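Per-chain numbering from 1; labels A, B, C and D assigned in written order.
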Amino acid sequence: MFYRQAGDFKTTYRDDIQTFPLKQDRWGYYIVLAIAFLVVPFFINDYWTSAVMLPFLIYAIASLGLNILTGYCGQVSLGTGGFLAVGAYACYKIMTAFPDLNIFIVVLLSGVITAAVGMLFGIPSLRIKGFYLAVATLAAQFFLVWLFNKVPWFYNNSASGQISAPERSMFGFAVTGPNADAPVRYLFCLTFLVLLAWVARNLTRGRLGRSWMAIRDMDIAAEIIGVNPLKSKLSAFAVSSFFIGVAGALFFSVYLGAVEVGEAFGITQSFLVLFMIIIGGLGSIFGSFAGAAFLVLVPVLLKNIMVNWLGWPTDIAVHIEFMVVGGLIVLFLIAEPHGLAQLWRLAKDKFLLWPFPH
Amino acid sequence: MNPLKIVGVALITSLASTAAMADLVFPSLSYRTGAYGANGIPFADGYADYFTLVNERDGGIGGIPAKVIECETGYNTQKGVECYESTKGENPLVYQPLSTGITYQLIPKVTADGIPMHTMGYGRTSAKNGTVFSNVFNYPANYWDGASHAINHILSENGGDIKGKNVALVYHNSAYGKEPIRTLNELSAKHGFKLAEVPVDHPGQEQKSQWLQIRRTRPDYVLMWGWGVMNQVAIQEAVNIGYPMENFIGIWWSGSENDVIPAGAKANGYKALTFHAVGSDFPVFDDIQKHVVDAGKAAGAGDQVGTVLYNRGMYAAMLAVEAAKTAQGIHGTADINAAQMRDGMEALVMDAAKMESLGMAGFGPEFTVDCKNHGGPGLGAMQQWDAGAGEWKLISDFEPSDMEIIQPLIDEDSNAFAEESKIELQECA
Amino acid sequence: MNYGTKMASGIEPGAELLRIENISLSFGGVKALTDVSFDIQRGEVRAIIGPNGAGKSSMLNVINGFYHPQVGEVWYCGEKRKGIKPHQIAHQGIARTFQNIALFKGMSTLDNIMTGRSTHMSANMLSQAIWRGAAEKEEIKNRRYVEEIIDFLEIQSIRKTPVGRLPYGLQKRVELGRALAAEPVLLLLDEPMAGMNVEEKEDMSRFILDVQSEFGTTIAIIEHDMGVVMDISDRLVVLDYGKKIGDGTPEEIRNNQAVIDAYLGVPHE
Amino acid sequence: MSPDVLYTIEVILNGLMAGVMYSLVALGFVLIFKASGIFNYAQGVMALFAAMTLVGIQNGQVPFSHLINAIFGTHIHHFGWQLPAIVAILLTVVVMIIFAILVERLVLKHLVNQEPIILFMATIGLAYFMEGFGDLMWGSEIKTLDVGLPQGASLALEEYTLKWAAEGSEYYGMYLDKLDMVAALVALALVITLSLFSQYTKTGRALRAVADDHQAALSVGISLRKIWVITWCIAGVVAMVAGVMWGSKSGVQFSLSLIALKALPVLILGGFTSIPGAIIGGLIIGVGEKLFEYSIGPLIGGATENWFAYVLALFFLVFRPQGLFGDKIIERV
């Protein structure tokens, strides 16, 4: 009853182009933000942080990144795992080379380095399209993983090639390392996510975002009306890789604390993030969140139900988990190929009109 | 942020379960699925079955039942962390993650949380240095011991002189596989053999290039640090190129029945290291048969009993139980916690009499653990595959490794870690 | 004022804006255009007509740089064009619509037309990321112009509708809007009235003439409906089998024997 | 000849053989892509599933025994029979046909006219599902697959080539795996059968018609759904052949599903729509990666095979974006 478009007139273009045109949506957004920043940190424990919240926040950042490239610019990439690895190893190298540098800046710099690498691997996209490009990005995936595994410089010549994040603090609170508390780690990642989501929103609503979508929808026409395909595609690769690089840096330093490249950043990561944006909704910021939440939560939920509640053997639970996740993906694609974001939109439209369906 | 998350949070909070506090909890971070599941299953079964045996036969450890919480990691570090976090609230006594990747992950965490971790024959080798790694134990042997054992074996076959011999190391191109390289380099400098590194990428389905290279260069010995499908393919390829199997030596993770059976009769003579006995010719197996398998309480189908990886899982469980008993003795309480368990592990003594009393005489090496040395003496033995009989045979006693080479490496690596992570060294009496 | 308007600022109405000189274009041995030359004067409506397969669309593709002719030159605003890319040509003030609608299907009407403003927007990536300030100001300024076009084309009600859902006629109109948004010096229209009924054609003709008179835009148009073409164009070029067979005012073309033959299907010797 | 030259030849020959193994997997992809425009990521898992089913049937394993035992507390594992390989193969074919029908009924039918990326994702979902399903049905331990294929070095060849090397040089004869040779023959037979099938049978001609133009094929009364079932059946059989070949080598286990990743560069090299492309692409990749590992690999630390194929394919694509045999992309507006 109170969720209405009627009467909420916009008198300036500035009002018209804001992120949440509806007053109710805007308030909802502020409330969620307030809960996330002010309430959740007081209730969160290690399990919740490590098993649910951190993966969700970090994958949401990676999904935002991939969604910019794939959802907005139409360039399918399977190199996400490799770019996550670039972020992680850049973070490790900067952390150990400049121990006094603020961890926040370290993570941002890791993103910048990843953006540069991403642009390099984006160059073939100027000639290669569609599935051919998707498979070609696998070259980045495999090559980068091999490189980080092979060249000892990247892991400071440690005996096994593992990299471990030393302790770094912000405002006196440990953010990385074993002594970092759950709320601090959570808030650190949350800050990045909120900032980056805001940046993603800004980039996608202006000229750059439109040029990406134009390239996605019809690249030739876009070029003819004045969109520079080189700049658009490379900027999409750069922005996308920046996001993924930040995600990789957080993944390594805050979430896992120690990684081994082949295992943590393998091809499965690439597929996982791609799943997230497709289930969530291509070309939707909300979809990136929804997809990440879905694919982080569903396995944890299923596992808890089957193993902890029903007491099933763990292997059967995992097999069934695979079946359920696979089945759900197919089901979702059949029911709503445009993802959770579209379902959410439809639900909202229904609600806007309720109780008068027409 | 989105509402979905909040809903999810609410949903799962209600699901988080709590264990009965009275039990002694032993989490088993197992993997029964995924690329390495085939190897993870027997180990996890052995680990679980031994605790079941202790509960059924002895009524628990010091009268308190042991409880195994299995958590599937799929050999994946992310899931490993989730498993760790989800079980650490249940007062676990010791973690056995069975993955070098997860071990690296958990070393800082268990240290911060004060929970001991036992990485038996895997993980971070320099964790042997107890002053740096206060909560990590890797007795009875580690990878560097293994590398040394293999070279010792070669030395003994050649009357102590292997100058100019060629040794190739075929290894899983990961943290795990790279572990022995540094030791082998040192050993090659000491003994004068030439080492060739032959990496194989995960999963290792296709190794034609590597084995053509070996066929071409004809190394005198081939060592292997493999896991999962890599083992089967490597042994098959070695058979195919007609490499003399008795000169092909695997680490203990490359020496299970799974690895040799697919290659058939020609795998006969393949050697692998081990730090425990093979087969089921020990009284403890009769007990397992009687109290666990026949009682329908086995974790698996019961057909794995006596296989290498099953025995290893059982051996790990036995060591955990003995450490718990030791801890109960030290602290004078049956209801021990993780910190007390750690003390028990640090004071663990495995002598012949103890193993005899457990029905496992000679099943593993005799060793003691102390505050400085969390890895024991590093004894290991050699086993050989008898394809005709379809079983592994021990062909040596448990022998020491070359600590002259290994100890400096351990000191160097652990001290570097202590420095990098600013670890306060544990005071040892 | 963007680069394109500046470039053409010295060209008076009636003076030569674009000249095609001896263009020949072929695809793997198939000749699409053979030795075609003509010019377009500032401010006129110039029609390119001819039977199917005459090379009309190829001609437009040459003009906006999508095809690169093997022989011949294109002169624009008194400069000879040298190997530049289509998007650079768009920046020189040449916009176009397409024979088969080439709208961005996933975007709304508004976004489609705003994309046409790309050549007028220059906020860098950083200021776009921050949004508040330069980027927002630029967005609102351009939005204002786009709203004018929306008003002009009478498509206010479909402003936020994804274009994929619009009927054909409206899509054509949005496409015209997208081209107009660039404030082009030279507007290329590829069969803007194909598939329309009489009423829609009248609307479209009115829009085209209004564009010419209100914005002073030079227009090159391909159209099959001879009645419409003769009504709205100042001069015509006639192509047949990739060759120019006629060039002049509607009156001259009407009396050109070669053109009449081509349209009546007199066999080529 | 000097041994170095012989070694190089040996590497090339073995590369060709490895290439054939890649082609076997790639072939399944191409068949489905041609007929339905679906990039079937599940092809690798299908190979695993087929091989598991084959071993399971051959050894008389009880399907879902683990699940049944867990639920009912029973201890059933085997029926206690041992079937001849050929019977097991035929039964596996039947299973794969049932699988194809189910996929069409439950998945594809509902996704007609969706964008390629959606269909692609659906097959990944399918791959997840089958991974779990296969393990649940047959268990995830390693299974030894033995359908009587020969294995090991061809001694005859080794002896025959021994004297090729220059006098006095160290040379052990040329090495070729018998299994690889069989695989090459099987692949050859498969390709010949497939081309005969598509040339001379009515169904085959319908398949080609659909591949050329969906709409046109529909308008002359070819049932698209029937065609899809048939292609998935054929792809299932091809997957089984690939599964048998790879499974004989390494035992049947989870990692078998990862061979799909080996086939992807073959596809981009050969083009998604060309059967000869799949074969020749496979051969190029096989030879290329083996030669690279042999010549450059030792200089840069080895284990290059995982990425080399992709990088090769990438460079290739930059010059020929549609692949070796793919249909030329003509851009128009």
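Please note the rule applied: a contact is a pair of C-beta atoms (placed from the backbone, for glycine too) under 8 Å apart; a residue touches a chain by one contact, two chains touch by 3 or more.
Being a predicted model, the structure only gives us computed values, none of them experimental.
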item: Partner chains that chain B and chain D have in common; value: A
item: Pair exhibiting more inter-chain C-beta contacts, A-B or A-C; value: A-B
item: Identity of the chain that, by mean CA position, is farthest from chain D; value: C
item: Chain ID, smallest distance between chain and overall C-alpha centroids; value: A
item: Euclidean distance of C-alpha centroids - chain A vs chain B, Å; value: 36
item: Whole-Å gap between the CA centroids of chain C and chain D; value: 50
item: Mean-CA-position distance for chain C and chain B (Å); value: 73
item: Separation of chain A from chain C, taking each centre as the mean of its C-alpha atoms, in whole Å; value: 41
item: Sites on chain C at which at least two other chains make contact; value: 66, 98, 102
item: Junction residues of chain D - those touching two or more other chains; value: 135, 140, 301, 303, 306, 333
item: Residue list for chain A, restricted to those that touch at least two other chains; value: 146, 149, 220-221, 224, 313, 315, 318-319, 322
item: Complex contacts: residues of chain C adjacent to chain A; value: 64, 66, 85-87, 90-91, 95-96, 98, 102-107, 111, 114-119, 121, 123, 125, 128-131, 135-136, 138-140, 143-144, 147, 178-179, 182
item: Parts of chain A lying in touch with chain B, wherever the complex brings them together; value: 28-29, 32-33, 35-36, 40, 45-52, 55-56, 96, 146, 149, 158-162, 164, 166-167, 177-179, 190, 194, 255-260, 262-264, 266, 286, 289-290, 293-294, 297, 300-301, 303-305, 307-309, 313-315, 317-319, 322
item: Chain C-touching residues of chain A, taken from the complex the two chains share; value: 13-14, 17, 199, 202-203, 205-208, 210-211, 213-214, 216-218, 220-229, 235, 239, 283
item: Of all residues in chain D, those that touch chain A in their complex; value: 39, 66-67, 70, 107, 110-111, 114-118, 120-122, 124-133, 135-136, 140, 261, 264-265, 267-268, 272, 300-301, 303-304, 306-307, 310-311, 313-314, 317-318, 321-323, 329, 331-333
item: Residue numbers on chain D that touch chain B, as the complex places them; value: 7, 10-11, 14, 17-18, 21, 69, 73, 75, 77, 135, 140-142, 144, 151-153, 172, 175, 177, 246, 249-251, 253-256, 258-259, 262, 289-290, 293-294, 297, 301-303, 305-306
